[in-house]
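Just passing along the structure, written as C-alpha cells.
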Amino acid sequence: MVTEVAPLQSITGSGPWRGLIGLTGAEARRWLPWRSLVLVGVGLGVLALNFVIWRIAGADTEVNFRLGSLMYPFFTLWAIALTLATATAAQGAVAGEVDEGTAAWLMGMPIGRPAFIVSKVLGAIPGVLVAVFGAGLVAYPVLGYASTFQIENFTANHVFEVASRPIGSDGFVDLPSLSDYLGVLVRMSLFLLVLVGLMVLLGAIFRSTAIVLGLGVVLAVGLFMVGMVDIAGVVDVTPAGLISGLLDSVQAEPAPLAGPVLISVLWILGLTGLAVVRFQRREL
Amino acid sequence: MIPAVEISGLRKRYRRVEALRGIDLVVPSGSVFGFLGPNGAGKSTTMKILMGLIRHGEGTAHVLGRDVRHGTAVRAQIGYLPQNPSFYDRMPVHRVLQFVARRFMNGSRQAINDRVEDTLALVGLSGKEGRRVGDLSGGELRRLGIAQAYVGHPELLILDEPSVGLDPAGRREVIDLLDALRQQTTVFYSTHILDDVQRIADYIAVLDRGQIISQGSIDEFLSTGEASYRVGLGGNGESVINSLAAEPWVATTAPLGDGSWMVTATDRSTLEKQLAPHLLAQGAVVTEIRPEQRSLEEIYLEITERSEPDEETVDGD
Amino acid sequence: MAKSGGPIIEVNGLYKRYGKVKALRGMDLIVPRGTVFGFLGPNGAGKTTAMKILMGLVSPTRGEAFLFGRDAFHAGPAVRSRIGYLPQDPEFHPDRTVREILKFAGRLYSGGWNPLVLRKRVDALIEQVGLAGKGRRRVRALSGGERQRLGIAQALIGEPELLILDEPSAGLDPRGRREVIDLIDDVRQHTTVFYSTHILDDVQRVSDAVAVVGGGRMLAQGSIGEILGTPVGTYTAMLRGKPDGLRERMVVEPWVASIDTAKRGELEEWTVRLADATAAGRLLPLLANQKGCDVVEFHLSDRSLEDAYLEIVGGLHGE
C-alpha cells in the first residue's frame, strides 16, 4: 500500500530510553510557545503591577525610591507568581496525563517508562528558559531606566533626559551588572525546573491530581519562604539557596552562584530519579 | 508457528478484588480473535497486562514468544487501542499518527507522511487530517484510535471495544476494516456486539469473573448441541426425504410444511459431506439447506451466569 | 382523556436549528398506538433532538408535533404524566438509593401522594425491572445495566401510556442488553414504546415497526417486514474445503451476475447473485459437483435489518 519513497525501517532497539527524543520534543511543544508566552505575560503583568505600587507608595512617602527598592519587590512578586504558575502547569505533566489516560496510550507504545518521566523534565527546559528570560530581559532596561527617575520630578522633559542616558551610566544607581543579572535569571530558571521535577515526582507517586497540585504548591511555596528568610544551613543544601541568592543579587549584594546551582542540579536529578523508580511500578 | 498471545495460569489481584483467577488463553497467529465477557469480567485487565500497563501476579503471559515483562521490545510488535482512549486534544490528527508512527519506525519524513496518509484513507479519515483531536466526533475518535493502533503495521492488534458507541454504519466499517486486516496481522479484540463477532471472528474466548469459561474456534461454538438442518425442496420432496431417512447418518426427519423438512444428523460431518450430493442424486430441486444454528449471542447468554457484579467494577474505566 | 384511535405520536415537518447546525430538516413521523417502535439512524441524525422536542425540553424552529393528538409543546402536566422518559445518559444522585429515587419520581404522578399506593407501586416496579433485593442499594453501587433498568423503572412509575427511551441499551454488555429487551417486551401490552438504539439485531428481536432517520429527515418508516423487503435472486453457500477453480467455472455461466467470497472461520462464504432467477436450480449442482469441497449450507441470502438499514442510510455519513 505504501508508495515506497525510502522504505520505513522498524525500530529494533529497545530498552528504557526508547522514545526519549520524540517524547521530549512533544513535551517541549506543550510548553512552547503558548504556555511560555503566558508565563512571560505573567512576568510583564507583575512588572506593571510593581510600577503601580511604586507610584502609589512613592507619592505617599516622599522617599526617593531608587533601584534597590524597585528590584526587590519585583523579583519577589515575580518569583512567587512563576512558582505558582509553573507548579500548576507542571502538575499536568505526569499526574494529569495519568488521569486523562494519555499516559496509558503512550505506555502502550514501545516507549520506556523512564523515557516518559525524563522527557517531562527535559521537555520543560526550553519553555522555562523562554518564560524567565523573555520577561527578565524586558524587565532589566525597564527597571534600570525607571530607577533613575525622580518621582517628585515626573515631567516629560525629565523622561526624555533619562531615556537618552546609556544603561549603566552614572544615573543608574545600584543596577546589577548584566552578568550578575543573568545569574539571577539562571537561578530563577533552575528553581522552576526543580519545581517541575517535584511535580513529576508527586505525579509518579499519587493518583489524585488534587493532592499532587496541593502538595506541590505547599512544598514549592515552603521552599521559596525558606530561601526568602534565608534559614542558614537549610539554604546550603536545598534549592532554597537559589532564592536567597537571587534576592541578594538584585540588591547588588554578592551571592554565590556555583554552589546553589550545583546543589539544585543534583536535586533535579534526584527528584527525577526517584520519579523514574516510582513510575516503573505504577499501574496505568 | 508461535502463537500471537499465550497466557497460562495468569492471576491479577487489585487490593480486595481478584480480577483474574488463573486464565489460560492462546491466540493463534493470523486469526481474528473475539474476547468476550460481561462488563467487569477482566477483559481490559488482561489486555493491559499484555501491554505492560499493569503487572500481573502468578502465571505467565507471552506475546509472539516474548514475556510481556520485557516491555518495549514486546510493545514494538503490538498496536493497542485502549477502552477509553485519549490522545493529546490539541494535536491535529495527522500529527498524532506521525508521532505514533515514529515510535515504531525510522524513515524519511516523506515515507512517514505516506504511511500516515494510507492509514487515514484506510480508516476513512482522509480530509480530516488537520482537525484537532478535541474537535472530533465520537465515531471519528474511534477511527483515529484504530488508525494509531495500526499505523506501525504491528504483528498483533489489541483492541479494547473498538466499536463501542458507534452507530451501525460505523460498526460495519470497523468490522470490514478488521476483516481486511486479517491477512496482515493478528487481531485480538473485545466487544459486546456478538453478531459482529459471529461475522468475522475465527476464534473466541469467553471470560466471566476472571475465568475463561469457554474458548475455541467459532465453528466449535456454533456447532454445539444437536445438528439439525432445515431442508427445502421444490416440487414433491416426500420421496426424496424418505430415501434420506434410510441413510445411516440421518437420525430423524420431520416435515415443517411449505416444502421444508427438519433433518437431524447422527454424524454431523458425514451429513455435511453427503447431504447435498444425495439430494441432487435423487433429482431433487433444493431451495435450502440451512443448519439450525443458535446465534452466538444465545450460546453466550447460556454459558455466562447471571452476574451479580461486585460493589466495585474492576474492569474498564 | 383524548380519543384513543389516532397515532400516539405524530410529527409533521419538524425543523430545529442550533445556531448554524440544522438538527432536524423537516422530519415526519407517525408512531401507532400499542407498538414497540424502533427509532433508528446514524449518530447526529436528530433522534435525540426529536425526542427532546416531544418531551418539551427544547422547542422546534418550525413544524408541529402531537402527543395523544394534542400539541406537544403546549402540552400541560396532564399529557406529560401519561409519558415516561429515559434520557440518553440518565444522571441519578450517586448517594440516593433505588427506592428513594423511585419514590421521589412517584410523588409527581397521580396517586403518588398516598404513601401506601406509592409503596406498592415502587415495590412492584423494583420487582418488574429485576432489581429485587436492591431497593436499598445506592446508585453508585449499581452496575451499568442496573442503572439503566432503574432509569426505565423511573420512566415507568407513572404507569405511562407511552414510554420514550433514548438509547436504553447503550454501553451494556449482552446480558444487560437482553434484560432491557425483555423488559420492553414485558411492558408492551399496556404501553407504547418509542425507543432509539444502535443495536439493530435487538430491534429485529423486539420491535413491531421502525423508522430510519438521517440528516434530520425521515428516510424510511414501516413494519420490520416492510423494511426488509422480500429476498430475490441472491444465494449464500457455505463451503468446506478448497474450491480450486470454482470461481472461474462460475463466472463464465451467463446466469451468474456476481460472486463474493469471504472467510468465515473454517468455512468459505460464497454469495452469488443470479442474473436470471429461474436458474436457481442450476446453482447447487454446480457447487456440489466441485471437487475438494462440501456444500454445508445453501439458501437465499438473509437480509438482516442491519443490511436494510445500511442500504437506507447509504450515502449519508454519520458524522
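Order of writing sets the chain letters: A, B and C. Residues in each chain are counted from 1.
As a convention for this text, a residue touches a chain if its C-beta (ideal position, glycine included) is under 8 Å from a C-beta of that chain, and two chains touch if they have at least 3 such contacts.
Treat the numbers as computed from the prediction; the structure is a model and nothing was measured.
Chain centre most remote from that of chain A: C (centre = mean of CA atoms). With centres taken as mean CA coordinates, the chain nearest to the overall protein centre is B. We define each chain's centre as the mean of its Cα atoms; on that basis chain A and chain C are separated by 57 Å. A separation of 24 Å divides the Cα centre of chain B from that of chain C.
Centre-to-centre spacing of chain A and chain B amounts to 50 Å, using the average Cα coordinate of each chain. Only residues 37-40, 137-140, 164-172, 179, 182, 192-195, 199, 201-202, 217-219, 232, 234, 272-273, 276-277, 280, 285-291, 297, 300-301, 304, 306-307, 309, 311, 313 of chain B touch chain C when the two sit together in their complex. Chain contact summary for the complex, chain C toward chain B: residues 40-44, 141, 143-146, 170-178, 198-201, 240, 262-267, 280-281, 284-285, 287-288, 294-300, 306, 309-310, 313, 317-319.
Those residues of chain A that touch chain B in the shared complex are 1-11, 14-16, 18-19, 22, 26, 30, 100-102, 104-105, 107-113, 281, 283-284. Residues of chain B touching chain A in their complex: 48, 51-55, 70-73, 75-76, 78, 80, 82, 84-88, 99-108, 110-112, 114-115, 118, 122.
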